[in-house]
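Chain IDs A, B, C, D and E follow the sequence of writing; residue 1 opens each chain.
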Amino acid sequence: MPDSVLSTHELHKAFGALRASEGISIRLLHGEIHAIIGPNGAGKSTLIAQICGSLRPDSGRVTFLGRDVTALPTEARARMGLARTFQTSALAMDQTVMQNVLLGALGASGRPWRFLSRVARDAGLRDTAEAALLETGLQDLARLRTAELSHGQRRQLEVAVALTQAPRAFVMDEPMAGLGAEGSRHLTGFLDRLRTRAPILLVEHDMDAVFALADRITVLVYGRVIATGSVEDIRADPLVRDAYLGDGA
Amino acid sequence: MNREWLLNAALLAGLVVVPGWAVWADEPFTIMLATRAVIFALAAAGLNIALGLGGLVSLGHAVFFGIGGYAMGVLASHAQNYTPLYDGVFTIQGTKSMPVIWLAAAVTSGLAAWLIGVLSLRTSGAYFIMITLAFGQMAYFFAISWPAYGGEDGLSIYVRNGFPGLNTLDPIQFYGLCLAWLCLVLWGYARLRRSPFGLALDSARQVPDRVRAVGLDPRRLQLVALVLSGAVTGLAGALFADLNRFVSPSMLSWQMSGEIIVFVIIGGVARLFGPVAGAVFYVMMEHWLGGISDYWQIFLGLVLLAVVLFGRGGLIGMICGKGRPDA
Amino acid sequence: MSPILLAEQILNGLQSGVMLFLMAAGLTLIFGVMGLINLAHGSLYMVGAFAAAAVAGATGSFLLALIAALAAAAAAGAMVELLVIRRLYARDHLDQVLATFALILIFSEGTRWLFGSFPLYLDIPPWLAGTVMLPGGIEYAAYRLALIGAGLAVAAGLWWMNARTRLGIQIRAGENDREMIAALGVDISKLYTLVFAIGAALAGLAGALVGPIQSVQIGMGEPVLILAFVVIVIGGIGSVRGALVGGLLVGLTDTLGRLLLPELFKLVTDASGAATIGSAFASMAIYILMAGVLIWKPTGLFGARA
Amino acid sequence: MTLLSLTQLTASYGATQALFGVDLDIAAGEAVAMMGRNGMGKTTTVRCICRMMPAQGTLVFDGQDLSRLPSHRAARLGIGLVPEGRRCFRDLSVAENLVAAARPGAWHAGRVERLFPRLGERRRQRAASLSGGEQQMLAIGRALMTNPRMLILDEATEGLAPTVRAEIWAAIATLKADGMAMLVIDKSLKELRGACDRAVILERGRSVWAGPMRALTTQVANTHLGL
Amino acid sequence: EVRVGMITTLSGGGASLGIDTRDGFLLGMKGQDDVEILVEDDQRKPDVAVQIADKMIQSDKVDVLTGIVWSNLAMAVVPSATAQGKFYLSTNAAPAQLAGKGCHPNYFAVSYQNDNLHEAAGAFAKSEGYTKPFIMAPNYPAGQDSLNGFKRFFDGDLAGEVYTQLGQTDFAAEIAQIRASGADSVFFFLPGGMGISFLKQYAGSGVGLPVLGPAFSFDQAILQAVGDAALGVKNGSNWSKDLEVPANADFVSAFQAEYGRLPSLYAAYGYDTAHLLISALDKADPSDADAFRAALKSADFDSVRGKFSFDTNQHPIQDIYIREVIKEGDIYTNKIVATALTDRSSAYVDDCSMK
């Protein structure tokens, strides 16, 4: 088995009668972008929640960097280098853009127990934060309150925070959602470069982006994996066309 | 921002000038009132750490205030009666020394905050308010019916405790001690707010999911905030007990918790000087309105109502405008 | 301890639970619906009791007194909403807490100013006076049985309103997203005034019903307020079912705790000492219960959210 | 006949001005696309129309001055909103979400469920636990329940699977065929071209271009939308 | 000129007691133009009471303090006030601690010692031949003292001894216990609204055993709120409006004329305190502490309670009566039916070092 950075083994999760994950096993390899696609309600976000630790699977395992992390809380996985973006932005609205990114850097530094020093004067944290803002093109907005950002700008900030975490793997839940055409194009190019830093597990409905980026695609329908393969395989798969892509793609 | 800075400076100056004037004019009662206000401000500044920075609306801060008070009462009463506090494997004597009492007050109330926090931080929002209230009520009823230290009658310490080099019975000297503590805590608060911990705590208040996702545990951050908060309020409790030379379960009552919260809210939540403005205002209102009529609390109610309705973010917000002042 | 005593105490626990529910119902409605921590709820309870006592004193009719209590409390509630609370929806919850705290002072001292400092007289109506014999030889006060009935009726009515009527659904929607429900064409301000009036009327009703067996006096609302908060928090905020279950749990815990804890301590210490220690723990029992429930279920028994 | 007409609309968030002069007209039965990069003021314009924030300038719907009306009165005139970010009532079930908005007319819960069968299947589920796409359907259904004369869709296809997106575009086409006026904000120019009669482009809080869809040349799109 | 500071409860739930204390005292002080009286509201909070006391002592330079209604407030104020050399005359609260070990030459209880009225009830229960009383009080020091006071003079078996919660409003559980206990009588000490609630609920329960209590729950102001439920109940008191003493008749009619209502116990204590003070001021000035103390101690005034003198611990020696609640026209009031204790001092007098 080629060594995978992140993998799940036979994950099962049910909400009452609804089976949101049924034996999901996927792997994220070094240097790749692995896209998860599937109809709405297929269980993509549920899968991500289990990978990141905010939801506990009924059975099955999650392995990250060769270690079984199924029992670890979210923050421990994050400290190991698992960075995520949220489908609905989770940002501190009352803080500035800079503060939101600084938080990411602070989390990564693992030293939050400093009570009397100025966080904004910590050169290490600042550098990480500024670099992340620069990469996402938000450097000019650093001093704005996050509440003042437009929807699209907030989506970019989500990515910026993940960048500060010195990640070993990214898990992104619909980072393109809400970005305009221009923004999507920009982000597509950016993710393309990002994969060399750490592999990306990408949930996305923007097929243009997915087809442009993904090394491999897994298709989830009703909690089950119905296909995994390269872009060409998936495009050609009649099952996938029927369940998800429709005739447009 | 600048305006707030000016207001803070004015408040601080007032806290120095007015008692100074009172010494000159021989108005010991004014000093007493100022001491009361400063101690309440200290208690509220403690709460402001949990409430303003951490978003933890604790309706049980009287527990810490009271524990601080009882730490003083218990230690001093044992010293007064020459009976050991604990006589077992080793012996603990009572004491009339303020520094030791302060340490004991801060440590015991911090411990209590840790215990309550571990249990309460599983909840949030209104549930957190109520579970802290529940712990407050438990402590209150326990203190009322526990006979060892006077029960509801409380505990009188006839003479104020001592501080090396000072005559604490002199009102202005005791006031100076209290003011020094307040300044120290406000300085700490100002630093804390901009510190790495402050940032993490503020984020834990707004977006706990995000904090987890970057590898921090929001509950532990909040627990530490609560412990700091409880310790400061406990310290204020010890000073308050010393001011009155008396401690009773009324320091543990939910009304007391309510008042501490009120100080913070009327002053301005999360404002550096919010607790100070709130406590000073409240004590002044209580004093001035008290003479108007038997029904003076109606006026107090109306004044408080006016502050809420017309001032966003409390008195400081009313004067200096809205917004969280950091960044 | 005889089985009859135990049975009677369980009945007492249920009855006091239902009574607590009555007080908590309006609170949970307002709290759950508008997200408002209404500390002045106890004052509205007091307003109800005073209105009832005044009208009963003047007319001698208990039914008129109940109507007066409902009307007075509802009017007071609507006025409070229109004049004060309405301006605070967009604000921090803490501002609302402070405002309702101020209202307590105004209501309490205002009532004292109107009615004097002395407790008022309000008695059980003759047609509910005395006791009835229940199966099993339990002699029980008729009025208390009536209270149980009234409480259960209120519970059913509230549940129906909340879950089954469009009004209830819109109110709950407004609780999630006030701006959005308005953008869909619902006059949420009017709804809120209505909810506040209903909640206040329930508090007033509770005050009037409890008045005949308790002391109608200034400050009567505050201890009740705390208990009512305990009840709705145990049950889960906003849940009428939760308030009922919470009320019963608190009523039973309190009543049985007062009976059993001193007995328990008698096993280890002398009678007088056991009475003090036992009752000390009994007075903490409901708070211990509440803390326990919240530690086990952080959003109460039937609550969905924080 | 003009249904909605905005002239020189300006608006601010506190001290920051977000709109500097937006002009927009929508005739009865007409579908208009509003376009612009991120943060250019599209949502802000929508919020002004729905009276969710104060605005200066003229704001007329069906001959009535909106600018003095509270939000719910504006909605009752016949403006249905599918807001950015869905904003379903989290603690209500799907069915209750629909009931909460209902006003008499041709649209009722049954019809909405026929439009989006998925909602029928999830009728008793709490909205908070719906998938993103399901929530989006619910938000559209909820707006339809108010039986509006004009529907505003702010990023209504965001986060939807291609198949569902196609369904929604189909639904939009149906609604338009029924004579419903529409203001559509979306990032897919291709779909907007198919669905809308006219377009308005916003840039930094101003309407900088308006005209019939076919006049929206690649060059215009390039300058204003960065395509 | 002499300054007297009165600290009492004038706002909130307990205000009626403080208002009566104040009114009785001011009535007694009428015409004393050379005495300046300062009255302040303690809000029933110990810390507020302490601070008012400090203010009166430090800024207003009062000579004498008085007026506190509640034991816990008295415990907060009295020790430090007397330690600063001020005189304190208690119009009501007189906790055990201040009668025994904590007695002080500058502290005089004009009212009673807290246990007195409960002792009277105990003595009366014994003389009535009750064999199994059920006794009940809230769980706090004054409550514990009250049951001990009762038991001090009632040495028989008890059917039950129950401590309720302070501030409790529902007594169904206790009433059921009474019913089941086989008691032949009930003694309770439940201050304020608790007593009203208990009596109403007890009357509706059909238990019907004879009830005994201290006067507080049957005081003039409270009785009207209890109504018929109180009729026939016996209560221990050292004062009653029908006490046949000339000073008392004057007091009752003067109080009614001045305030338009019947006086209560607290008013009577306030009035007596005023007269004690006047009698002492006639003989000595407070600045001469020893002379003033001696003047106070001689208790040379016409008490509305008839005979009145101070024991060595400076608590009264007085008769304690049993009253019964009756209805006079529309008004519920008390009449004396027995004398329970004659020349009663207090249980703690021997613990006091003053001889």
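Everything that follows uses one rule, which is that a residue touches a chain if its C-beta (ideal position, glycine included) is under 8 Å from a C-beta of that chain, and two chains touch if they have at least 3 such contacts.
Here the structure is a predicted model, which means the values were calculated and not measured.
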Self-check item: Common touching chains of chain C and chain A
Solution: B, D
Quiz item: Both chain D and chain E are touched by which chains?
Solution: C
Self-check item: Pair of chains joined by more contacts [C-beta pairs], A-D or C-E
Solution: C-E
Exercise. Considering only mean CA positions as chain centres, point out the chain farthest from chain D.
Key: E
Quiz prompt | chain B-chain E separation of Cα centroids, rounded to whole Å | solution = 36
Practice problem: Averaged over CA atoms, how far is the centre of chain C from the centre of chain D? Could you give it in whole Å? | Solution: 44
Quiz prompt | Separation of mean Cα positions, chain D and chain B [Å, integer] | solution = 51
Quiz item: For chain E, what residues touch not just one other chain but two or more?
Solution: 11-12, 15, 19, 139, 144, 163, 165-166
Quiz item: If you look at chain C, which of its residues touch at least two other chains?
Solution: 108-109, 112, 276, 279-280, 283, 305
Quiz item: Pairwise, which chains touch?
Solution: A-B, A-D, B-C, B-E, C-D, C-E
Quiz item: In their shared complex, at which residues does chain B touch chain A?
Solution: 188, 191-192, 194-200, 202-203, 206-207, 209-217, 221, 224, 324, 327
Exercise. Using the touch rule from the top, collect the residues of chain D that touch chain A in their complex.
Key: 13, 16, 36-40, 43, 84-85, 118, 129-134, 136, 155, 158-166, 187-189, 225-227
Self-check item: In the complex with chain C, residue positions of chain B that touch it
Solution: 51, 57, 119-120, 122-131, 133-135, 137-138, 141-142, 144-147, 254, 258, 261-262, 265-266, 269, 295-298, 300-305, 307-309, 312
Exercise. Could you pull out which chain C residues touch chain E in their complex?
Key: 1-2, 4-5, 8-9, 12-13, 15-16, 19, 108-109, 112, 116-121, 123-124, 129-131, 139, 141, 143-144, 210, 212-220, 223-224, 255, 258-259, 262, 271-272, 275-276, 278-280, 282-283
Quiz item: What residues on chain D touch chain C, complex-wise?
Solution: 50-52, 70-72, 75-76, 80-81, 83, 87, 89-92, 96-97, 99-103, 126, 142-143, 146
